[in-house]
Amino acid sequence: MGKKDLITRLNEGVVIGDGGFVFALEKRGYIMAGPWTPECNVENPEAVKQLHREFLRAGSDVLQALTFYASDDKLKNRGNEAGIKFTTQMVNKAACDIVKEVASEGDALVAGGVSQTPSFLSGAQKDAVKQEFRNQVEVFVANGMDFLIAEYFEHVAEIELAIQVLKETKLPVMATMCIGPTGDLHGVSAGECAVRMGRAGADVVGVNCHFDPSTALETLRLMKTALVAAGLTKVHLASQPLAYHTPDAGPQGFIDLPEFPFALEPRILSRYDMHKYAREAYDLGVRYIGGCCGFEPYHTRAIAEELADVRGRGPPGKKHLPWGAGLAMHTKPWVRARANKEYWVNLQPASGRPFSAAYAKPDSWGVTAGNELLMQHAHETTKEEQAQVWHLSAPKTL
Amino acid sequence: MGKKDLITRLNEGVVIGDGGFVFALEKRGYIMAGPWTPECNVENPEAVKQLHREFLRAGSDVLQALTFYASDDKLKNRGNEAGIKFTTQMVNKAACDIVKEVASEGDALVAGGVSQTPSFLSGAQKDAVKQEFRNQVEVFVANGMDFLIAEYFEHVAEIELAIQVLKETKLPVMATMCIGPTGDLHGVSAGECAVRMGRAGADVVGVNCHFDPSTALETLRLMKTALVAAGLTKVHLASQPLAYHTPDAGPQGFIDLPEFPFALEPRILSRYDMHKYAREAYDLGVRYIGGCCGFEPYHTRAIAEELADVRGRGPPGKKHLPWGAGLAMHTKPWVRARANKEYWVNLQPASGRPFSAAYAKPDSWGVTAGNELLMQHAHETTKEEQAQVWHLSAPKTL
Amino acid sequence: MGKKDLITRLNEGVVIGDGGFVFALEKRGYIMAGPWTPECNVENPEAVKQLHREFLRAGSDVLQALTFYASDDKLKNRGNEAGIKFTTQMVNKAACDIVKEVASEGDALVAGGVSQTPSFLSGAQKDAVKQEFRNQVEVFVANGMDFLIAEYFEHVAEIELAIQVLKETKLPVMATMCIGPTGDLHGVSAGECAVRMGRAGADVVGVNCHFDPSTALETLRLMKTALVAAGLTKVHLASQPLAYHTPDAGPQGFIDLPEFPFALEPRILSRYDMHKYAREAYDLGVRYIGGCCGFEPYHTRAIAEELADVRGRGPPGKKHLPWGAGLAMHTKPWVRARANKEYWVNLQPASGRPFSAAYAKPDSWGVTAGNELLMQHAHETTKEEQAQVWHLSAPKTL
Amino acid sequence: MGKKDLITRLNEGVVIGDGGFVFALEKRGYIMAGPWTPECNVENPEAVKQLHREFLRAGSDVLQALTFYASDDKLKNRGNEAGIKFTTQMVNKAACDIVKEVASEGDALVAGGVSQTPSFLSGAQKDAVKQEFRNQVEVFVANGMDFLIAEYFEHVAEIELAIQVLKETKLPVMATMCIGPTGDLHGVSAGECAVRMGRAGADVVGVNCHFDPSTALETLRLMKTALVAAGLTKVHLASQPLAYHTPDAGPQGFIDLPEFPFALEPRILSRYDMHKYAREAYDLGVRYIGGCCGFEPYHTRAIAEELADVRGRGPPGKKHLPWGAGLAMHTKPWVRARANKEYWVNLQPASGRPFSAAYAKPDSWGVTAGNELLMQHAHETTKEEQAQVWHLSAPKTL
């Protein structure tokens, strides 16, 4: 629609992605933690619109329609009201409408996304899995999305199927997995995953979620090396990590950390942590630089400010002076002394929590695949099951 | 207007205040850190409206018009564009309009607030100071505020003047100082400050900003004792602390902490920290329980959930199950095991920052009152002055 | 014997005490943790002698005979071999002989000490309690101790009895309690304890053990104020704190910290922490400056080096250059850069333990006095009792 | 002399080494930090003897003569008095006499050791370097050492020369390098270093100093793999790490950590940390398990207790009950509850230092090899040089 397409933008410079809608809207009161479904697109479109606007002002070049988990099985899961009142069609269409409206206030691209499905892990036929993706993709195409995203996959075998479906549309395709440097859950190395995503046809490959920026860039280094070795030099890199520090996460990421999801606050990156991330990503050659869970508009703004030199422009919103310059007008000289980059680059912010350690040990209960405790079932977790896990884990009381 | 007034609500039970608009809107991209002025009421009313709505959904019984620093001197300060485009009248009226519109979607009260003035410290005549307050109060009265707030005062002598002006209106008056257990900046004890505020006519007295919930409640204990001893038993208590842990703050609060204002992230309270705060405040007898800088809607929601038992209702928004109940449906048993109160109450969240300590030492440069470095002047900080403080503080480079 | 007596030395300047023999010899392999009895005076006198020598070289002006817990009930307790092979008489005499021998190699005073007794808490008659003290004191007098110490008392009522007995000898008496700023276990304030010790006749009063230097000095400030107010201006102050940081200890000190006694390593003070302690103690007016559990010879050496300016001499041993001067000869310039006081004064040493927090919560199990769990009995802890506490406290295993 | 030789002992089971004499004697007041020379063998033999005895009691099967840095150039360095009063011959002989005397009180082997020389780095001829080693070795052979050690080498090229010299004697030879997983300072991998040491004739190869047990075992894993691949299956492994946690050390180890050498206290391993080390070393196949800087007798005792099951005996000294059993007799039930292994294995000891982080960044000043700052010279560091580094590093003062 007159807007430059994704690939052109990536070839010409950096594309800044947006942030973590699910977590942000949960904190604002519009998404319920647990189901994590986005019926708010229909119930409270003004809230979703406002958040998209904030990312646009912060410098996002892309507005992703809030369609994560907007699939039938999720909306109807475990008695979730959402699935009773709203259909997948309604929610996805509303999501697309909202991003198109907000994108028109700027020059952003809009995208619709699919994620990993329960079907795949249950051993469904490839065609059945691909059909699930097709159901969502049809809505995206019908509603004018500029490109498509396959994100949050733990198995490259499944994202390959998703990419194939997305490529049927002729739209540009970005594919990111929620894996770390150790590769996917079938043991495929990160590099090999990247190559397979590239060969499946993805225009942009990378990682999202589960890990902090440092770890994500570590994974991307492996991916880049493999892509180059495989001659896939036209494929771009994308990083959309958490906005939480996770140096202590295990191979499966932050979900296993004891603090997930309600006590991750101490790990939140500062805007200056984000400057560091943006520069390192750029220097690595990543050209799609965004974020996932934990990212708020000011985090994205920091990316836009850091890379203003290579983009030739800062974020559209004009309510921020980089590197704390605004403190130059404070009454106390020691606070004015903080109005410079050196100060914030070198600061190691105190946690204010003397009873907290720096690292936690990820939970796993020493349980390996095959253990009865990991067996899934269709029905809702029973009271008996829940009592069992509570008994196994609850702290001792006198 | 058919709504129960503030005093009645306090006499009958808990009134939940809202949160920290200035910091929240700064992160959303609408308020510039440094000037901290709220011209966004005029420039982006939809953003301000949305945030008020989120606090209403979260359980706030009060929506404070965003008028902090909305005074002529602040809006016109140091070349701030705001003062050129918008008058105090415009900004304050817009702020009032917005809260009235949102409050009408629920049963919330609306309030306008005044804060400490530069005039007072410059030794202006009491009448001149009071006139500054009157300028703002007139707008509030003309625009239908239900009650008035005097907040963020470091000198009880000044808040007394403010209370006197606010009482001229016959509206209920809440007065909170941004002091800690050591009292105000003239050395008046916290208890004495409370008594003086009460005697000046405030219906509700307490503290806001500068300190974390623990410290705020420590100060309120002192205030309560003094009020009782002085026979001011009808005066209610209010607490609106930071949502940041500040166990290491000095007597003047978080502004002197090295992390202020851009690296406070690790100190952010979790929703479960807020449950603890709400219950302790309630048990102390505080009946106006809200928050200041750092509070986001989910923090207020936690207060509403904690005190649902005494309020007979939870927050209006229905997208949250208390105490992590939503995790009961997770695939991993060790994550399901987190769906209970015991788990979150006992968790000491890791910081994810191995190079950070728990405490920082507040800055003061060993500078005492009278030192040349603390002398203020009307004009903007000069480049020479700023170079001097940077030289004094910048880390050494090789 | 030609040596200046304790009081003269205190009136003229600082007297440096020695360190924590029980903990040091436990680490060297000569005292068993649990019984903590000093039969090593008889079994391995060369080891005890060597440690005394190290403290003498480090600058100790006093060598305390290792008689802590050298009483009949302790030596014979719970099947302890010690009580079968050695009598109280043997152990105490051996202890005295050793310190006299080593003291003669320098100009140190020798002292014998008594501590709190089980009898007192069992409600024994005052005379019975005093007789227990007399039994030990007789050995000290017969063996040429220069002065006497009553240390490690939690009840001022008991240390008063001890002081009375010690004063019968006409020797100088030092009395220290293992209490913190909150006072003794009967609720008597720290200041009141000091006054009572002074009035009972102690020449030197203060604190030892249970708390770190900061806390000990806090307690001593209270004691000093009370002594001055009571006109007891001739009484000297003594501090012999732990060499462990205990900012998180409860009112009863380090024994309730989860790390007691075998994982206190991270809390060990550095020699530079000790410089700070020595100077603060001196500035407060404390003239008997020593240490208790955790103190090793190099800690005492740091005190002697810090106060060399007021003592006119450094420690006898010549194998140390203060403030890291010895590093000036290192090959790496950044290590040479550490050869100055500024560096070490400002360094906050990292713990190297990312899974450890700064603070621990002292144990108490929420058990108050009177609870069945706190009831004592004469016989050894039974297997059933031990199984009970293990069941109540053991971590959960899957 | 009737004692089983080193190789036989290693083939039959675990040989427990002793600990860090230089650091331990520095704390006791007998070795000066900076020069670190062991003239105390002559000046205070009783102190050296006592420490050897403590390690023997703790379970050491080997007593290393304290000859580290007992070479002419070190003793005479920079005006060190030691070199004026005592010759290398005197010091080394005294060291050998002392260990032989103490070893005869048990069944321990005695060993003499050589370390890296300044000559090698200065580019001296191989023969010149080897002669330096020969000078010391002659004294060891003449004085009845049971085996020889080449330890604390950062270049495998140099330790090869040392091994060659040591093998001339026909005595068993142990060779350990102070390197980490990244290999030696010439870029030779750890595995390659092990193979070269083995091929040079060393009977035992491994690592000592510079790194904590975890890191040392990581390096040994690499060494073991390489030795097996090279068919050097008869060569035994030795580990003598620091008793300090160094997860944050750089490739050159703890000397570059800001806390070296005077503020390492928080990093000291507990006895339970040592149990873990001993078991992991044993499981890896390491049969010479000892320690270096920071190890005190109780650390070695912990190794002996952990491996009592495979050795068929515990440490000779009888003043310790494993796993805190001694606490079973404490008055407080929550302290008695600590008398079990589970408790100590799971405890993460608090640091007691809220202003300290877990990690420090090793110093290097961004200085690479070749930089003028790293140039060495023969003469003592001048005042001008020292002033330069202090200026470059000293904290800013107002």
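So that you can tell them apart, the chains are marked A, B, C and D in the order they are listed, and the count of residues begins at 1 in each.
Definition applied: contacts are C-beta pairs under 8 Å (C-beta built on N, C-alpha and C of every residue); 3 or more make two chains touch, one makes a residue touch a chain.
Not measured: the values here are computed from a predicted model.
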item: Chain pair showing more contacts of the two, B-D and A-D; value: B-D
item: Euclidean distance of C-alpha centroids - subunit A vs subunit B, Å; value: 32
item: Length of the line joining the C-alpha centres of subunit B and subunit D, rounded to whole Å; value: 57
item: Chain centre separation (subunit A, subunit D; CA means) in Å; value: 48
item: Residues of subunit C whose C-beta touches two or more other chains; value: 248, 348, 353-360, 365, 367, 392-394
item: Arrangement of touching chains [line / ring / star / complete / other]; value: complete
item: Footprint of subunit D on subunit C - complex, ascending; value: 26-35, 40, 46-47, 50, 53-54, 57-58, 77-78, 212, 244-248, 255-272, 296-298, 301, 315, 317, 319-321, 324-340, 342-344, 346-360, 363-365, 367, 373-374, 376, 380-381, 385-386, 389-390, 392-395, 397
item: Of subunit B, residues touching subunit C in the complex; value: 348, 354, 357-359
item: Residue ranges of subunit B in contact with subunit D within the complex; value: 248, 353-361, 365-367, 392-396, 398
